[in-house]
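To start, the structure itself, in structure tokens.
Chain IDs A, B and C follow the sequence of writing; residue 1 opens each chain.
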Amino acid sequence: MAIEEAPHHWVRRALFPACAAPCAAQAQTAIGAQDALRPAGIQAGHILQLWHGTVALCLLVFVVVLGACLLALWRAPRGSRQSPADLGTLDDGPGTRERRLLYAVAWGGALSSAGLVILLAGDVLAGRALAQLPVSGALHIELTGHSWWWEAHYRDPVSQRSFATANELHLPVGRAAIITLRSDDVIHSLWVPNLHGKLDLLPGRTTEIRVRADRAGTFRGQCAEFCGLQHTMMALQVVAEAPERYAAWADGQQRPAASPGSGSAAQHGAQVFRNSQCAGCHAIRGVAAGEGVRIGPDLTHLASRQTIAAGMLPNARGHLAGWIVDAPSLKPGVRMPAIALAPGDLQDLLAYLETLH
Amino acid sequence: MTPPVEKPGDALDASVLPTFAFGPRSPMWWGTLGMIVVEGMVFALTIMAYFYLRSRSPAWPQESLPPDLFWGSLNVILMLLSGVPTGWTKRAAERQDLRCVRIGMAVCVVFGLACLLVRIGEFSTLNVRWDTNAYGSVVWMLMGLHTVHLVTDTYDSIVLAVLMVTGPLEGKRFVDVAENAGYWYFVVASWLAVYAVVFWGGRL
Amino acid sequence: MNIDAADEAQLEATWRDPPGWLGAISAVNHKTISCRFMVATFGFFVAGGILALLMRLQLAQPSNSLIGADRYNQLFTMHGTTMMFLFAVPVMQAFAIYLVPLMIGARSVAFPRMNAYAFWIFLFGGVMLYVAFFFDTGADAGWFAYVPLSTFKYSPTKRVDFWAQMITFTEVSAMMEAIVLITTILKMRAPGMTLNRMPLFVWGVLVTSVMVLFALPAVVLASTALITDRLVDTRFYSPEHGGDVLLWQHLFWFFGHPEVYLIFIPPLGFISTIIATFARRPVVGYRTMVLALIATGFLAFGLWVHHMFATDLPELGKLFFTAASLLIALPTAVQIFCWIATLWSGRLWFRTPLLFVLGFFAILLLGGLTGLMLASVPLDLQLHDTYFVVAHLHYVLLGGAVFPLFGAVYYWFPKFTGHLLGETLGRWQFALFFIGFNVAFFPMHLLGLQGMPRRVYTYPAQTGWTGLNLLSTIGALAIGLSVLLFIVNVARSWRGGVVAGNDPWSAGTLEWSVASPPPAANFNVVPVVHALSPLWQPGGTPSHVTGLSGEHREVLITSIADAEPDHRLWLPASSPWPFVAAIATTILFIGSIFSPWAVVWGAIPVAAACTMWFWPKQDMTQHRRSSEVPP
């Protein structure tokens, strides 16, 4: 299986000759924060605290041990090939210098042990803190990893909302979320460093991670377990927002897709979606086609997302067009094939997709 | 063993030392022990994998029947019995009794071949294929690993048996016979473990 | 103690390798095999380094298109696989094969032909992997090839098959070398070299070799199960059929964690040797050092789950492994304190070997401390699978193994070749390597904390990771340059360097009592040992062994603890059968990538070659019989 490595801009350039702007725009488009040193949630916060304590202790040890080594190098007398070997060292009875050196080593060992115990205590306390996140009234999200995208199903026991989405999660600030993790194929790993450490998505097992965003912001996560050709391009957008804004978003996600106005380009686009290969893999709730299909991401509210192709491209018409027409040239190995569409059909399909807020 | 005579002066005379030795005195013994450690670890880890997979499975065997007991149990008896000629041959080798060694090696080879024949019966009544499920895979892996040992040790024994008849012979060859016998004990011991797991692991 | 010229010539003729191409494939002298091994592993080191440079060039800029996803995945897999399986473990065994007999006063290793076979099988396995790589069939699932990605369903080409078979080649080689080394160390030490007079390097090799016997079987089983899953549809790793994906991780890391200690412990022996020589005194606390080596080897088996903290294993279990991972720092710390105490109380002679050892102190210390960080489950959940781990592993592997290894090369090169490596060029290499290493790898700690995961072929500019990546690439280029300096130094010094003589360092261990390079038989006269540092401490009587044949490869076998003379053995002279058997084995292993029947049919030539290997020769048997002394 030879993977073609096509230069990934030519498609877009072929369709949109004046493409310089979108390409540059891609480089300029802001992406979410992806940084463990700037916690936006309590779990990442606990871990960073442990980090600070650990670094402080390790820095102390480093300075002391290296210092002792450098001091030894500095103060020891110089020798040469001619210097006879010091055999007085063979005598390590009480009162000898050798015995004193051994005591020093023993002290070093004792202090090191104490340091290790302190580290262990810190680890236990931090672990306990992570496990004690209050989860009453938590949001439930089921995340399934695919190569190379994220499938999400929300189940909110409080508001009874339940919907599917993909590649972008929204979280209400200040409310815990319990995310169960499964994989459809190989091992993936969910990692949103601003919110928490990572947890693997293991085929054949279900794992669970508990997070809470404590300030608003847009954060980027990335799959952190090598999962094949496009492991690099499996990002997850996480938007933490105030509870009211989250509720508005969730209500929007809950609704089925709006029916496009009759006679409009968008309506024709919906037909193109139904009649071409799209509906075979993608679900758009309310279109009476592709219902329940999970081979590709749920597109019901595609236009509400900031990125497409699992964070690889901004969600803009030019990129979307390039993706539809020839996804494999943009992301070689992707399951979505190149789709041949008449230009008119493509434009109408795009018009329809843009209505899916 | 005659201790080396120290000549006046400062030389230690090695020429009075034996030119071969048995048991842990011999490097061959240590080489064989090394092989036993490695292979024992492989068996131990495979057995652990068996129980690990079992712990992850709601039913065990997974949608299969456990293996039939007859052929496996017959091999247990055969292998335990084979300890007799093996021990006899080992002691004969240690006293460098060529005639007994020749007879003993022939008997050991017969036992080895018999065990291999019985092994065919075991494989045909395992009641699961290697590709049916993970249970089948680990059972076949355990049986397969042991069979490889059985085949190689029987082949070793055949080569040695022939050599002890045709020559060329020297004292060191008796050490080889003794080590081969010792290795056969390992083949028997590992069979007892594999048998217990494969034939009873699905029943208890 | 010398012997006359005629006896010396006879001894040389008896022990040296035969000439010509037939001689080349029949050679079993441990020094010959070892030199080939060292050159081969160094070749793989350079290859792995070039792969790394390519990766760093790709990562120097965001959204770079120098190297695409598929090639990049092959690069990082081949880099890790090469360094771990084809360089780091084998090079330590290669050094041990050369040095152990010389340090213990023996003329050979215990099983010379098996030693030769182990080299050939290693070489063929490594070459196979690279030939596959050059045909775009390079392994691409990571050097630890997690399932299910590495199963046939998700990796349907032969790439992973070649990888898994390479494991088979190298694991067989490593296990055989371990058996050779253990037997040599226990049974062939010169009379008087009791266990507590054994050099610390030899202790390190003994501990490492015992570890090999217990650790390698896990990867044997893991890779065999992967091969059968891929070839004949066993279901070990398929959850749909009752298998388990974590089974691979448990088996692999049960091997994989001890493996890094297989890489780390022999260099601890290098360091003890070099510090003793350049501080002009034996290392402080011999018994403590030995216990620390043994403790490290033992504890190494209790850590493996720390590679799996991001899976769904029970928390209490993970805590045990945190504690064990912290605990193993203690014996290493104690060794470091003993070395500092030795430097503190010695007379210091600064030469390149010591410089590399000092590099170890700074780098391994930092790497060990980041290891303590990774041992913590909460911290590991952020740091696992990020560039922080890449930084950590390179700090411990280069700091803990490669720096001491270069020190060892500068130290023993004069013994191997008879010429010293250039001191000035050595210092330049050290400085460039030390600085380049830190510039390359320190930034990676920050990159990991700033969210950069491992095994990514590019990253968006908006992440802000560009600067540190570029810096890292510059450091990598500096490392490459330093290796180039090393190669130049070796090329110039091999025949043209300062003549070394027997003992350029005025050191204490036995290898320095013979010529540089050593005669084929190592010792014209087998010594009797009376002290830990036989060349520094006064001797005793008896001082040497007589009565060993000069016309046949006769060696002295001694007892395990006290090295009392026990019996004599004639070791086999040169033989082409190890080479032939290795060829047959190679055909079997490579054949089984394509068909399971290769195992059956391929076994026949292997059996034939092994039988010919074993079958005694009439004339040699007659000779031995005529001079036989029964026990």
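Keep this in mind: a residue touches a chain if its C-beta (ideal position, glycine included) is under 8 Å from a C-beta of that chain, and two chains touch if they have at least 3 such contacts.
Remember, it's a predicted structure, so these values are computed and weren't measured experimentally.
> Of the chains shown, whose Cα mean is nearest the mean of all protein Cα atoms?
If we average C-alpha coordinates per chain, C lands closest to the whole-structure average.
> For this structure, which two chains have more C-beta pairs in contact than any other pair?
A-C
> Farthest chain from chain C, going by the mean of C-alpha atoms per chain?
With centres defined by C-alpha atoms, farthest from chain C sits A.
> Once you find the CA centre of chain A and the CA centre of chain C, what distance in Å lies between them?
Comparing mean C-alpha positions, chain C is 37 Å from chain A.
> How many angstrom between the C-alpha centroids of chain B and chain A?
52
> Would you kindly tell me how far, in whole Å, the mean C-alpha position of chain C lies from that of chain B?
30
> Show the residues in chain C shared as contacts by 2 or more other chains, in ascending order.
243-244
> In the complex formed with chain C, which residues of chain A make contact?
Residue positions touching the partner: 1-3, 5, 7-8, 27, 29-31, 34-37, 44, 46-47, 50-51, 54-55, 58, 61-62, 65-66, 68-69, 71-73, 75-87, 89-90, 97-98, 101-102, 104-105, 108-109, 112-113, 116, 119-120, 122-124, 126-127, 130-131, 147, 185-187, 189, 191, 193, 196-200, 202-208, 220, 222-232, 332-333.
> For the complex, which residues does chain C have touching chain B?
These residues of chain C touch chain B: 110-111, 114, 175, 178-179, 182-183, 186-188, 191, 213-214, 216-218, 220-221, 224-225, 228-229, 232-236, 238, 241-244, 247, 250-251, 254, 528, 541-548, 556-557, 559-560, 565-570, 607, 611, 614-618, 621-622, 624-625, 627-631.
> Which of the residues in chain B end up touching chain C in this complex?
Within the complex, chain B contacts chain C at residues 1, 4, 6-7, 10-22, 24-27, 30-31, 34-35, 37-39, 41-42, 45-46, 49, 52-53, 56-57, 62, 96, 130-138, 140-141, 155, 159, 163, 167-173.
> Inside the complex, what are the residues of chain C that reach chain A?
Touch residues, chain C against chain A: 63, 65, 68-71, 73, 136, 141-142, 146-149, 154, 156-157, 239-240, 243-246, 278-282, 284-285, 288, 310-312, 315, 319, 322-323, 326-327, 329-330, 333-334, 336-338, 340-341, 343-350, 358, 361-362, 365-366, 369-370, 372-373, 375-386, 449-451, 453-463, 504-506, 508, 533, 536-537.
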